[in-house]
Every structure is written in structure tokens, then in C-alpha cells.
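Chain IDs A, B, C and D follow the sequence of writing; residue 1 opens each chain.
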């Protein structure tokens, strides 16, 4: 069942390691089959070099295990909340990548300081608030998803495909698992370059909006001219 | 004698190199056989690519060489003090890894700034004080162990599996040598991310306690649900 | 047509990846055949590991596609403006390399702080200004080239083979595509070391001019004695 | 002639690359045969992957080429001044390694902040002053050697096997070329960790002298007990 989705999710998890975004067991990628309402996700606490197609876990949108002999990622309920709220997305990555995690721990959004950011994320990289103690008791991982969704009340998750969770780490998403990994790579680089930019010039302002919009639109707008035409 | 322990200690020493925690001869890992009261440790000053099972040294808890043709690590007396005081531990790693050493040299404890830290270390990464000149004359390495133990008077070495030594570098430990290496990897990453977090936001506070406790307990508490069930 | 130029441009694009200056599709290298007035450039948005000689695009100095089935790099008009204005150059590289991009985003020129800089770039690494909104509407990439050329009104592009574009990233050039990659490597390292130098000593002054000139001239002057004699 | 010395110098130059201390052609290692008064050194401006035993240059202590078809390193006169003044040394490395160069450009000595430093360098990493314009005209490379020697008037080059040159980069030395490379690796790591230590705690003091002396002596003193006994 879901063989090609499993293949894609397996590859996405391995790519998180390959691109230096996770060490040990610190991250997980998932993908969703929207028609069947089924999610394929990394098993909890399993090392990346021990992952196989069989080790992946299939859950439904209630979190019920449909297939697999392992427990799913402890962050599964967070993934589910995002899939429920963001109907356009097909894959999610969660990492503790260095620089995005530093910004999460520092509880700072990342303003758009350059065209690298503008090419991929519209506006600030948003920061989801801390959970309250009641929210944690009530369901830590589910409510982590809910505070992310709360932060996106006025944002478009397609244009801003990622978030920093206060005191924790980033989540990114995309059209599929592979795309969520690409966005994790991009977010990490944006975070590192933002930190360095402020070190060089603590007074720097955001990129003028007419430039950031131009960059976002030349890549993602209706008249985008970046890349090759999709036929 | 102690073949499997030797194999484990050899691998742990090589893993310190593989994970970028030591260069040249700057570190050592050991393991203990609690029943026999014997420690296997790296020989002093030998390059990692020249290590073999035969080159390892077996010492007892008095530091007496029981087997081996080499001098044991110059830090052996520190390892012995830790094994004596922390009866639950089975392995120790000592490195001069970059970021943990920077914190040691800066004489600063590392507060818990995020869930990455909370997942693995309960509370601050503690800092052991400088030795006095009398303590150094009396036995530098032994007393290094003693000031670490002194710092843990009110701490649980199982929940806080590592320490920074003022002006020197970190020691980590675990259930065995391999586990002490994992904790060395984690400590290094926590240190690097703490430094960056303060760079981004010098005013940041510690993670709220109800979040750090949740994270520690979901991984290490009686009802831990991270990872696969051990059967 | 232009087989050896294509080979050189292909290699230059791959070298940008090899030297860690680009990830994803974030950069492009080109070369020019001055006699025919034809430029070979990377296709837009194509991954580096999918590049081939056939995938490269040949354009003339008006930007008209002369050969190739792909769209040329979206930055092609910038390359063209530089080739038109700087008649001595034969190749151009554009990257979003980390440290040069941080300086671009910080809108700071890089003063000459040491002999590493002086050996390769005469004077500051210059910063081209932001485009106005009218310039962006009128032709974003073409006008990016024009503001670079504007910044070089009083500079010699042979002695200062690169530039930072405000809020964007660096461009470098050279006698050919390979040489422009070398200058991208050098600029990146100069930027990283300048940032660190200011961190260590925020009050540091530029290298005394009699030293920077000595270094530039021993490598590039009429009596240069660095390297082997070209026969 | 001098085959084993050539082999050693070739390997040392390659090791500078392997350990990330040089890129492009930014560094050189040499070794001396004290009995014959001959130095083997890297040729100027030749890429490391094009080096061979035959490409190395043999010069005498006047700088006269005794063997080889290439020009020797442009820094040869600096090496010669050091060999003349420091009779105990057998090899020299010059790099533009990142962190040691940052300190050189920042014109700051590196105080002893921890045992990693104390294990290998006695006291500060010294800084040689800028040359005057007259000294540069009179012989830039020779006088670079002379200002290093001047800085060591009250220092012991065996105990402090390296220096930072103001506005330029480090030189290290040792009993032979390989040993000078080891000291270049150590200096680079000490510089990086010093920079980070000050970032974490700008008020930190030097390591207490009774600790730094203990560390230096346990490794290099008459009763050294680090490493294996040399028979």
C-alpha cells in the first residue's frame, strides 16, 4: 500500500541527513495521500541508517496506525494538525537544524533581508508562540500543530512554507515530502545568513518591499519567468 | 580479557573522531566492567588511526595497569573518580570539542534554551570550578574528577550526563562508552546552538520549566513515549 | 558551436557547487566569445547535476537565444550588461555564497583588512546600490547590471573583479569562466575573514596602503614575482 | 639530493590542504637539512594537486636556488630568516587559515584561555608588528622574517612555535615540516576557540598561570607523563 509515497518519504528522511539538517534521530519527514486520507511518516526514535520502507508507519488523520509495526514519530499529531489545516500541502519536514533552531530558541522571527529569502518565503519567517502549561497537558504535539495554525491565521502557507516554534525548532512543508526538505534547506540557509547579516550591520532594515515582491513573483507569480516552462 | 568491552571502547574512541569531536590526540573514551572493577581506556597520546584492541589499557579502580603495554590516558584518574562516584555509569568520553570547550573556557554554564537541550539534559549543563594550586600539586587529574563530583552534589548524573570543566573542556558519560559518545555529540550541538541563540537575542530566558520537563519526560520519564518499546 | 567555451562554462558551473558557493539552483556562470559576440550561460532553474553541454544556452549581446532548448539564466541580462561595459572580462559567476551574501544583505562594503584581500582585490569590495522601483519595473536584471557598472565608474574591473549587490548577492568576473569562479572563492573567504576580524576587534583599521599596494603589485604589477614565469 | 626531506616537505604541503588550512595556492611548507644548510620549499603559485618531488625547490640560506626548475615560494626569504634565527627548528608552515588570519588581521595576540592552548603554546600567541614602508621597500619578505624574530627577543620559539603577522597571517614551525603542520592545525583551533570564548564571555580572564604551567609541563616538561615513553 502507498508504495510510491513510502519511497518518497523514505528518501526525504534520508535527504534531511544528507543535507546536514538532522543528526542522531532529531527530525522526521512525512507525506500524505489526500485521496485516501493517509499519512506515511518516520517511526519514532529509529536511526536514519536503519530506516526501510517496511519501518515506515501509515496513520490516518485521527492518528490511528493503519499499517506498520513501529510507533510513528512522536511528532505525528503535529503533522496531522498541519495536514488538516493546510489543505494544499503534501509533505512536512521537522528538523532541529542549527540556525533555524537558534532563531526558534531566540524567539525571533526572521525578517526578509535579501533576495534569497524573498525568492522562497513571502514576508517574515513566522514564529509560533509557546504553548501554555494547560495546552501541554492537554496534548503537547497536537497543540504544537494548533499554535502553528493559529500563527497562520493571516498567512498563506503556500507562500510561507515554514515556521519556527518558540523554544523548539522549525517545521517546513511543501507540495510533497521532497519539497518540504528543499524548504528546510532554504530556511536553514536563510536563518544562517540573517544571523550573519545582523552581525555585520545590526541596524539593517528589511529589503524594500518592491524588491522582495519582484523576486517572489519572478519565481512564483502568474508571469514567473524563472526556471523552465512546465509543459 | 574483556574483549567485548575493548571492542566497544575502541569503537567509541574512533567515533569521537568520526563525529568531529576530537582532532590529533585530544580526547579519550573509556568503559567499565562493574563486576570485575576494571576499566578499559585509550592509551595516552596515541593517534586514533593507530589504535587497536591490543593498544588499549586495562586499569583497576586504583589506576593500576592490569593489562596492556602502553601508558593509559593521562586523564585516567579523572575517569576513575567519576566511575567511583557515579555508580550508574558505564562509559565516559572526554573531548576538546569546539563549542563545549568554548563554554568551558568562558566559565559559563549552558542554560536550557530549547527542547533539544531539554530532551537530553535536565537543567543547566553544569560547570566544575577551577582547581586550586594545592589541588593541582596534590594530583591534577584525580582532583579534576573530584571537583566534577563536587559540582554534582545536588545533581543526578543520569539526568545530566555531562559537565564543563572551567578553563578546560567537557566530560560526558552514559550507560556505556557508546552512550557517552552520543552525549558528547549532543552537548557539542547544544553548546553551539546556545551560543548562536544568545547572539540572536542576548535577552532570551530559559525555556519555561513546564516545557523542558515535558520534553525530558516524554523521552526519559516512566511514561516515555518517544522511540520504540524495548521488549 | 563554441564547444570549448561550453565545456569551460559547464565546468565553471559545477565548480561553484564543488567549492560550496551554491546550493540548489542558486547561481550561474557564463563565458563569452568576444569575436563572435556570443555568450554561453547556464539554463534557468536547472539543477547542477542535470547540466550537460546540450543544456547550456547560447545568447547574443541582445539576449537573443542563438542556440539551445532551454531558457537562459534569469540573470542573463545582468551578465550581458557586464560584458558590454567591461570589455576585458571573459567570464562571470553569480552566487548566493554565505558570507558575501551576508555583506550584500548588510549593505556594507568590505574594506581591505589584510594581505589575503590585497593579493586579489584592489581597494574595497564595492557595493552596488538598491534599484529604484522604476528601475525594477523597467527591467530588473538589466538594471542590476547597470547599477554595478555605475558603481565602477571610478573603479577598474580588472583590479577589482567582483561586486556586492545591495540586498542581493555577489557577482565576480575574470579572464574566463574558471577565473570568475576563483574570484568567487576568494571573495567568499575575504568576506568570512572580514566578519571575524571585526568580531575580534571592532576598531580595526584598513591595512596600511603601502602594504596592500605591495601585495597587489607583487602578484599583479609589471614586476610581479609571485608564481612561475609565463613563457 | 635530499630525497627524504623532499618527501617530507611534499607531504607537509599536501597536509595543509587536507586539514583545511589552505585553499588555492595560499600557503607553503618547508624543511631544512641543517648539516648541508639547504632548505626544500614549495614552488611559488603552483597548485597543490600539481606538486611533485621534482617541482620542489632547494635553496641555500642565502636564497640561492641550488636545485629545481621553479621559482621558490615568494615567502622564501621569510622562511630563511626564521631558520637562521631559530636554530632549533627543522620545518616551517605558512597558511592563511581562517581564524589565525582573522586574529592577524585584527592585530590581536591570543591569550591563553584554556588547557588546549596551554598544552601546546606557552603564553600568548604573539603578534609581529606591521612593517614600515621603508622595511617593505628594503625587502618585504626578508623583513617579515626579521619582525617575527624581533617579536621573539624575549620568547622561546620551541615553547611558542608560531606567530601572527599583523595584517597578514600565521607562521608556525616545529622540529620538522610535519611538526610545523601540526602546530598550524593547533593554532587554528586555538584561534577559533578563543574567538568563541570571548563571544560567550567578553570579560573572561586568562587561565590561571598555575594551571597553564601544569598543562604545558605534563606534556613538555622534564617529567612529562603525557604520551608513550620514547625509547
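Operating definition for what follows: a contact is a pair of C-beta atoms (placed from the backbone, for glycine too) under 8 Å apart; a residue touches a chain by one contact, two chains touch by 3 or more.
As the structure is a computational prediction, the values presented were derived from the model and not from experiment.
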Other chains in touch with both chain C and chain D: none
Rotation in the CA alignment of chain B with chain D, degrees, nearest 5: 90
Most distant chain from chain D by Cα centroid: A
Chain B against chain A, contact positions shared by both copies (same if over half, else different): different
Centre-to-centre distance between chain C and chain A (centres being mean Cα positions), rounded to whole Å: 33
Distance from chain D to chain A - Cα centre to Cα centre, in angstrom: 46
Numbers and ranges of chain A residues touching at least 2 other chains: 198-199
Category of the chain touch graph - line, ring, star, complete, other: ring
Chains touching one another, given as label pairs in label order: A-B, A-C, B-D, C-D
Residue numbers on chain B that touch chain A, as the complex places them: 113-116, 182, 185-186, 189, 192-194, 196-201, 204, 207-208, 210-211, 214, 218, 225-229
Touching residues on chain C, where the partner in the complex is chain A: 23-26, 43-46, 70-71, 74, 96, 98-99, 101-108, 130-131, 133, 136, 140, 167-169, 195, 198-199
